[in-house]
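In the two complexes below, subunit A is the common chain; its partner is subunit B in one and subunit C in the other.
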Partner chain A sequence: MTYFLVVGVTVAVFAILALSLNIIAGYAGQPHLGQAAFFGLGAYTAAILSTRYGVSFWLDLPAALLVAGLVGVILGVISLRLARDFLAITTIGINFVMVAIFQYVPFFGGAMGIPAIPSPAIGGHEFGYRDFFLTALVLVVLVAALSAYLERTWFGAALKAIKDDEQAAAAVGIQVASYKIAAFVLGTALAGLAGGFYAHFMSVVTPNGFGFPVSVSILSMLVFGGLGTIRGAMAGAILLGILPEVFRFISNYRLLVYGFLLLFMVRFQPQGIVGEDSWLVRRIARLAAVLRTGGARRDTAGG
Partner chain B sequence: MIGRGQGNLPKRPVLPAAGTGETCVFIPSLVNGITMGSIYALMALGLSLVYGILRILDVANAGAYTLGAYVGVTVFRLTGSWWVALVAGAAVAALLGFILQRFFYVPILAKGPIIPLIASIGVFTALEEAYRLIFGPYIIEFPARVPLPDLRIAGVPVTGVQLLIVIVAVVVLVGTWYVLGHTRMGLAWRATAQDAEVAQAMGIDARKVTGWNFLLGYALAAVAGVLVAINYDAVYPTMGDMPAYKMLAIIVLGGLGNPLGTIAASLLIGLVETFVAAYVGFLLPRDSIAFVALIVILLVRPQGLFTRGAVAK
Partner chain C sequence: MPGVTLLEVDRLTVRFRGLTAVDGVNLAVAEGEFVAIIGPNGAGKTTLFNVIAGSLRPSAGDVRFAGRSVAGLGAARMSQLGVGRTFQVARPFVSLTVRENVRLAAGRHYLANPLAAWGRRGRDREVEARVNHLLAVTGLAGLADRRAGDLNMGGLRRLEIARALALEPRLLLLDEPAAGLGIDGIRPLAELIRALRSQHLTVLLVEHHVGFALSLCDRVVVLDQGKKIFEGTPEAVRRDERVITAYLGESGGGEGAMSGGD
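This part shows the complex of A and B:
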């Protein structure tokens, strides 16, 4: 049971990360290949606050959210000045530099990281795996609900417009700069939240846990599931999170499979498995339409 | 052997300039900086050419670097000749580049700018895993002897391999500059880089240009891989890790898609890394210097250090 709960918590944390990246890369269409840096920022914030200042889990989470979001402002401002490809590489650079800082600045505990992060407690009851899992689920639901809310608001519409055509968006009066920065702040802050939670769950943070490969994993999940959709982010995190657990026998070939999966996915199904207008979604929509009309009028199917 | 220790690539401990006083660090640093810069230039040039045509950031190019080293060491064991190894490595890597662009990159070009980058990360990950599974996770030695003598310049040892690296880099870079500037092939490249549609309308076969581009780009990376492997006497699956991303930083600094700017940026980063490590003793590891420089410079000059188009006179 413990094993399932641990896998469950990890999948939930990555679902939050994929959803957070989705706000930046999916809704706003901004390349961001360094989300793990903000995940790490949140984790280290929580780790330092709780081990050195005795701050509780419940205050750590908002603090992690805040710190990651504040650094996210800087990234947002940078994004305004840089062309798309320059920005993509800068975000990779930020990830490498952040890990180097975690690793080499003594304040962050060096290569060994920060151990002995206390478990959260409610009224004297210390968190067990089940409590962690339930909390993680609540967080996923909250972040997904926030994303769903965003999609329906003017904010979400503005981000989509920026993604499609920045100049056209500006021409119709959308404040491109503030919306872009807001997307970065929101996306990075939520990654920080995931980090804060993860630090308490793991009880130790190390620099390598937040390296560039982690950013690639988050992005892979999002792309695999379907960039720009909530269900895509969740499906990607669940499928790619569970896959290596189910197929233990391929563990030696795991990264090979990941790499090829990613490659073939973008080659043949760049919308992701359950993304907008993906093969599977079209099939389901067609099936649903067929069922509704009793299969009588095929020409309206899928529309 | 200060020289070899200092110019280390990632994954191996970087030796500080211990035992050398302030006064005698300059020349070794210069030698190392130029050697590193030459290697960076070889690798980054191919990437920059590819970007110039297709506007994609190709992380998988570093997979060719490692592939070159592995093919090189295998051929070297069979033939005992360093230059046959070099040519074989370059040839196999060029083939890989051609296949990748034909079957993966070109078909997904229209699917958004970040998609090819993600695909290339996928390719690179898969390639590294394939090397690990085929050749094993350990370091393979590459004990090739090059026909150049170890020299002492102003009392500083310069190995024959370092000399070879600089010579090959200069030959390749001058050759590329000549091809780009003075041949029909180069003219076609520049035209396609400037405006692919107009170039096509003028009768330039963009498919062919793209194909040659990848052949050349991957071959250059493989040459760099073989030379580095001989220099450090080591081939291992993850040797392309840091170059993969550092090269992206360098081609951005060089003003994306500008070959001459890329070469200048490569030498600059090679020298800055070595001198900062030798004199200042940077707080962060040497490999992050390129990224710190990248972030700082982009904040000051968002268009990169060398603006695009210097070669397209």
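This part shows the complex of A and C:
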């Protein structure tokens, strides 16, 4: 049981990360390859606040969100002016800089990281695996609900317009730069939230847990599932998160498999497996249509 | 007849490295006027347009809109101030439907900044009514739920105009709306634009099809190599020596010849 809960929490954390990246890369179309750095910022914020200052889980979680979002503003303002291909390279760089800071600045605990992060507690009851899992599920639902709301707002529509054509977006009155920064801040802040939670769950954070390979994993999940859709982000995190658990031999080659899937999807099915207008979704829609008309025919025959 | 000056272009110059694309151009457009800018290829028409629309910063000179200096404000600000534009090469939001394209422009007051854009779409009856009206006026109602990326050239031209009109612009900039259209496409487009004119909208039109432009405008400005070489009525321009030389000198009576178009 414990094993399933641990896998479940990990999958849920990656679902939040994929959803957070989806706001930046999916809705706004900005290639962001450094999401793990903000995941790490959130994790380190929670780790430091709880181990050194005795701040509780319930307060260091929002702090993790704020710190990641704040650094997101700064890096967003600097890098989002760049053309998309340069942005991809810059965000890759963010990973390495962040890992180096975690590793070499003594404040962050060096290569050993920060151990002994306490478990959260409610009224004296310390979190068990089941509590972590339930909390993770609540967070996934909240972030998914936020995304769903976003899609229905003018803000979400403006991001999609920017993704399609920045000049045309400006021509209908959209301040492209500030919207891109807003999307970046929102996405990085949510990655920080995931990090804060994950730090308490793992009870230890180390620099290498938040490197470039983790960013690639998050992106692979999102692209595999379906860039730009909530169901795609969730499906990608669940399938790619469980895959190495089901096929143990993959575990050692996890990144190789993810990388291969990323390339394969971009080349043959850029909508992802369940993204908008993907092969599978079209198939299901056709099947549903057949079933519906079939049912209707039976109704008229019966009447 | 012309009312208050809405747009004033003052000794405007735009240089790209060595090339002077627009060279000291003066231009005034009054409220309710329909002005066409014509000229051979490379005359600086689109460059002038891009400066007025805010997407290009002038090297010298000024642009005043409704009495305030607006040079270099940026395209988004200009759009919010009431300058709507179409693009020479249509730039639809390809992943959105035709309706969503128009709706985005119709809701431009929601889009001014990211913090103001948290309201839900589809909750503003006034916006929805305006979108439906514009889709009907531009003949796009039947295509409203298609993806904009699936439209043909004529549809894209209409969408460009519908989207610009949805901004409720005080000044409408039409950048070669007839580009890429055959005769069959030009006629209904001309009717659409003429209908706008009857609503006393202020329009600045850049056009390669000279006949098409002259048939629509009150006043015409001719640019050649970045300089204004003529300004006057559509009747007078056909007889102007400098204009004829500019055109014949360039193309020898080809595509852009004075007799071309409608």
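Just so it is clear, the second predicted complex is superposed on the first by the 284 of 303 C-alpha atoms of A that agree within 3 Å, B and C clash if a C-alpha of one lies under 4 Å from a C-alpha of the other, contacts with A are read in each partner's own complex, and residues count from 1 in each chain.
The definition used in the following text is that contacts are C-beta pairs under 8 Å (C-beta built on N, C-alpha and C of every residue); 3 or more make two chains touch, one makes a residue touch a chain.
Treat the numbers as computed from the prediction; the structure is a model and nothing was measured.
*Asks:* Touching A:101 in the superposition: subunit B (first), subunit C (second), both, neither?
*Replies:* First partner only, subunit B.
*Asks:* Kindly classify A:270 by the partners it touches after superposition: subunit B alone (first), subunit C alone (second), both, or neither?
*Replies:* In the superposition, A:270 touches subunit B alone.
*Asks:* With both complexes superposed on chain A, which partner does A:89 reach: first (subunit B), second (subunit C), both or neither?
*Replies:* first
*Asks:* Can A:63 be said to touch subunit B (first), subunit C (second), both, or neither?
*Replies:* neither
*Asks:* Counting touched residues of subunit A, say whether subunit B or subunit C comes out ahead.
*Replies:* B
*Asks:* Between subunit B (first) and subunit C (second), which, if any, makes contact with A:13: first, second, both or neither?
*Replies:* After superposing on A, A:13 lies clear of both subunit B and subunit C.
*Asks:* After lining up the shared chain so the two structures overlap, which partner does A:47 touch, if you call subunit B first and subunit C second: first, second, both or neither?
*Replies:* neither
*Asks:* Where does A:167 make contact in the superposed view: on subunit B (first), on subunit C (second), on both, or on neither?
*Replies:* The second partner, subunit C, only.
*Asks:* Just checking: does A:178 make contact with subunit B only, subunit C only, both, or neither of them? Give me first, second, both or neither.
*Replies:* After superposing on A, A:178 lies in contact with subunit C but is clear of subunit B.
*Asks:* What part of subunit C is in contact with subunit A in the complex they form?
*Replies:* 53, 55, 74-77, 79-80, 84-85, 87, 91-96, 100, 103-105, 107-108, 110-115, 117-122, 163-164, 166-167
*Asks:* With touch defined as at the start, can you tell me which subunit A residues reach subunit B in the complex?
*Replies:* Touch list, subunit A to subunit B: 25, 31, 33, 78, 81-86, 88-90, 92-94, 96-97, 100-101, 103-105, 212, 216, 219-220, 223, 252-253, 255-256, 258-263, 266-267, 270.
*Asks:* What residues on subunit A touch subunit C, complex-wise?
*Replies:* It comes out as residues 149, 152-155, 157-158, 160-161, 163-165, 167-176, 178-179, 181-182.
*Asks:* Okay, in this complex, where on subunit B does subunit A touch?
*Replies:* Its residues touching subunit A are 51, 55, 57, 104, 107-108, 111-119, 121-130, 133, 245, 248-249, 252, 256, 283-285, 287-288, 291-292, 294-295, 298-299, 302-304.
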